[in-house]
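Just passing along the structure, written as structure tokens.
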Amino acid sequence: MALNFEQPLSDLTKRIDELTKLNEDPKVNFNSEIAALKKEAQTMRGNLYSKLSAWDTVQVARHPDRPLIRNYIKDMFSDFIELHGDRCFGDDHGIIGGFATLGGKRLMLIGHQKGNSLESNIASNFGMASPEGYRKALRLMKLAEKYNLPVVCLIDTPGAYPGMEAEARGQAEAIAKNLTEMATLEVPIIVVVTGEGGSGGALGIGVGDAVLMLANSVYSVISPEGCASILWRDGKKAPEAAEALKITADSLLELGIVDKIIPEPTGGAHYDHSATMKEVKKAILKQLEKFNKISTRKLIEKRFNKYAEIGKFRKG
Amino acid sequence: MALNFEQPLSDLTKRIDELTKLNEDPKVNFNSEIAALKKEAQTMRGNLYSKLSAWDTVQVARHPDRPLIRNYIKDMFSDFIELHGDRCFGDDHGIIGGFATLGGKRLMLIGHQKGNSLESNIASNFGMASPEGYRKALRLMKLAEKYNLPVVCLIDTPGAYPGMEAEARGQAEAIAKNLTEMATLEVPIIVVVTGEGGSGGALGIGVGDAVLMLANSVYSVISPEGCASILWRDGKKAPEAAEALKITADSLLELGIVDKIIPEPTGGAHYDHSATMKEVKKAILKQLEKFNKISTRKLIEKRFNKYAEIGKFRKG
Amino acid sequence: MGWFKKSKKNAVQSDAKPELWSVCPACKAHIYKEEWEANIKVCPECAFNDKLSYKERLQLLIDEGSFKELNKEIKPTDHLKFVDAKGPYSEKANAAITKTGMNESIITGTGNINNIPVVIAVMDFRFLGGSLGSGTGDKILRAAEYALKHKRPYIIVSASGGARMHEGIVSLMQMAKTCAGIAKLNKAKIPYISILTHPTTGGVSASFAMVGDINIAEPGTMIGFAGRRVIEETIKQKLPDDFQTAEYLLKHGFIDKIVKRNEMKNFLSNVLQYTTAK
Amino acid sequence: MGWFKKSKKNAVQSDAKPELWSVCPACKAHIYKEEWEANIKVCPECAFNDKLSYKERLQLLIDEGSFKELNKEIKPTDHLKFVDAKGPYSEKANAAITKTGMNESIITGTGNINNIPVVIAVMDFRFLGGSLGSGTGDKILRAAEYALKHKRPYIIVSASGGARMHEGIVSLMQMAKTCAGIAKLNKAKIPYISILTHPTTGGVSASFAMVGDINIAEPGTMIGFAGRRVIEETIKQKLPDDFQTAEYLLKHGFIDKIVKRNEMKNFLSNVLQYTTAK
């Protein structure tokens, strides 16, 4: 699937494909033309991805081929034992979790589960978690605390599910409780925004000692569309809203919300899963090593101070 | 309402009432006859209640006029602030709880809520709690722990509600979690069986540092009717089962399950609420005083040892 | 209950002298302004509890003369240099300051409730819809730290549409920041009571407002995470009338008690007897 | 799933030589005894996991030769001098001992799971329906204390109809007693894994079996607090076919994972890698 801003690149790729097909005929030889076009495509990809607008980045962050938690589980972690249920009402599929191993390091993995097909999206409610998802996440974090395992949270959600049942069963309470409990959880929490960081639904598993973002992921208090329809009274102004909300990794690093940006391959994470995961893995392991050395008391104190600093009022 | 074994007493009382009515006629004077009959009734009441069978006691424990939690709240506690909800799914009416004051002493009161009319019984599900009731109870106990308030639990239930929804929402889990958490709750827990102590549904708020029983209350692993229909294959053998199960306060004291028996007035608690409550109040305050002096570490250790001793295997 | 769905049958028609009348936002009844104020903005027709200013709220809850404000100087900060269709956020914030006489959407301070010393924070919906800006979050956290230091019970009266979009992600993070403050109080066993007033929604409902040791609401208060319209669009069905009311949340287990406005102060001091019992 | 509701269409008719056949308790299929045993009593027709004896269970889970029993001498105690229509409990208990070769409804001990040392307790339904007697509870608690002392993960395999009526209130109190043991493990951060096998009901489901750090069940296991018949009588309606199956409980959030019998040992040792990670 080609995104809007990728159109020229997509056209070029199509020509390369056509030429490659023609080239199968032994009577012709387009080798040099193909090589030239490929080079051009590579340059174009570099150019396009070097100057993405905030709204472009939203499209990349939502790309259906972008690595999802199931891809990370399959290809980046060497082991995963899924654990189900909130021990109270149900087993949400919008957030999943379990024991996982990364580079030989054992941890508790928790993350939003988006789908990449209609079927898988319906099964996981498009990555929009219900209260049971947040409560399962908290249960697993408490289990990690008991077993002294670090927690890794992968964030990728349009937001918490805005459904009647979700409200009735305490969407607000579930998120609020997680924010409170995560503040003093006695093991390191490493958060990685891998795609969409959608508001409270993201933050509900997003309080951590380090918050990392993939270069083309976004993290926002409200969707650009939602913001545009409220503040611009026109949902079509989403690109303007996206710009104004400062939701890209660069801006968030500058604002002190994000601790590190994880680079993506030219062409975006969806263009090269394996290169992406290599970087994500490296980044997580580095953080685990860093926080592993810190005493529990110090860890929680640092975490508290980190959040106390965000938006701290300064005169003038 | 007269219980079966109270029939002779009931007949006598009727005669006294009739005679008293006739006595209104100034032309007659039955004063001495009435006084004699009243004395006889008093003696008879004493005799009847001095030799209750286990099955009789079950009837007394289930008497609709027996003081219920609402009566204790109204007449024994000087203040009650009900707190609602399990912060997860609902607000059960089979178990209620809140801040309460007894003899100037502040505490967290939790108890089963039976009704004494069809309407009030339906509203509180006949004192059969749902998982939300046990979860609310646990939440309030944790709140008591935060505020360093002792917990007082009044037990009066036929058992946990055996409904489809209750099973689906984890009746077993809710009770099990309470048993586990109550074992290490860092404030004193005083349990009083005031009426029916029905199996796991009673125990779910019944783990404590002291377990007291009103003299005519019962506490059992299964209802006599249920036991009879399984082990005697005949529900009508309930009186035999009641005897065999040793469910009266005397037997339970002997077995080391109960720490103290709270005396009831002659004629049972339903015959004189105020006298009953005086005794219950005295007994609870005594226990509160006792456990108030003990350090938290010691308190939990003693509580653990108390349960470890129950049914501890001894050779021979 | 359907606070906002009642018919207007009780509405007094009052074309003349509109300055004499208040209109209930819930049932649209027209009430004599004098009666409305005397009834502390509780509708005599439908019992709806309308919004109060922070001054009215403090007057209602705090012993006269005992309130001392903390961190009054904290104002909104325009972290994003945010400009929307209506102009810059900084101008909007300044206008709110001028309009309300407040520096932020919340007032924090110390005071007594029937002689019991507390730390209290009161949100005011007039200030940018009671939205959770960084100044708001910062004041909530600082007041929590004050309560911690002085071992005083902490009370927050919420009234908010949620996060403040104009401060973007910095606003979102105030949810985590305020909850971190509450977590500290929990660890230190300092009481924290949350009072939810109309309306308490979005990011405020999903953070400090919902994690009180005791959650109290006024009758009819709208409380919820997602907006009613968004939910109806998502699930393609109409919601029940009482959806997201305090009464609905009580039934679903998230509110400890619904307390009438004129009984709130005494209720609080009663509760505080237990939180500070020794 | 409706394990116990399947039609008998797959049932092999086998009038001849009944000693050669096993009958699946769930779908009533007749399976060659040899196949049945080779398949560790998992029905090839409906995948139902039938009850195992403690010996079979230990063989399935514990490294050969590594099991060492603890507290073997603990037997039922007749606290109530209980006599029912069929006679004294003490005789019934003695008969169970003779029949099963066990002293109680549970075996406890130490052993290795793929070389990881654990403390394990295995209930056996053959002994008075796996009921929770005082001996059972005492063994569970003592094994928990052993696990605590030696800092070993604790695993309980449940299979029980619930409390043992013949021991009355003393049996009920074993629920509190065993959970007190689990509470101690929690405080000391010692792993506790609960394996629920067919059936795990009543007082056992409402105590130690349901509060594992991780609750694992075998496919088709019946798990519930109240009996199906009692519930149907109470609510006057039919229950869904899959009611109180492991699959139903997974969906409702109470089971972490359903694990097939032949994968259980490796699953456990995988999980144990995480519980003992440093």
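The chains carry the letters A, B, C and D, assigned in the order they are written, with residues numbered from 1 in each.
Here is the rule we go by: a residue touches a chain if its C-beta (ideal position, glycine included) is under 8 Å from a C-beta of that chain, and two chains touch if they have at least 3 such contacts.
Quantities reported herein were computed from a predicted structural model and do not represent experimental measurements.
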| item | value |
| --- | --- |
| Contact-richer chain pair [A-D vs B-D] | B-D |
| Most distant chain from chain D by Cα centroid | C |
| Between chain B and chain C, centroid-to-centroid distance (C-alpha), Å | 42 |
| Approximate Å spacing (C-alpha centroids) for the pair chain C, chain D | 52 |
| Averaged-CA centre spacing for the pair chain D and chain B, given as whole angstrom | 33 |
| Chain A: positions in contact with at least two other chains | 87-89, 169-170, 173, 177 |
| Sites on chain C at which at least two other chains make contact | 186, 252-254 |
| Which pairs of chains touch, using the document's own definition | A-B, A-C, A-D, B-C, B-D |
| Of all residues in chain D, those that touch chain A in their complex | 186, 189, 191, 213-214, 250-257, 267, 270-271, 273-275, 277-278 |
| Residue numbers on chain A that touch chain B, as the complex places them | 87-89, 135, 169-170, 173, 177 |
| For the chain C and chain A complex, residues of the former touching the latter | 71, 73-75, 77, 79-80, 82-86, 133-135, 137-138, 141, 163, 165-177, 179-180, 182-184, 186-187, 202-203, 205-211, 223-227, 230-231, 234-235, 237, 239, 243-244, 248, 252-254 |
| Touching residues (chain side chain B, partner chain D) in the complex | 160-164, 166-173, 175-177, 179-184, 199-200, 203-204, 206-207, 219-222, 227, 230-234, 237, 241, 244-247, 252, 255, 257, 303-304, 307-308, 310-315 |
| Residue ranges of chain B touching chain C (in the complex, touch as defined) | 79, 81-91, 99, 106, 132, 136, 143, 146-149 |
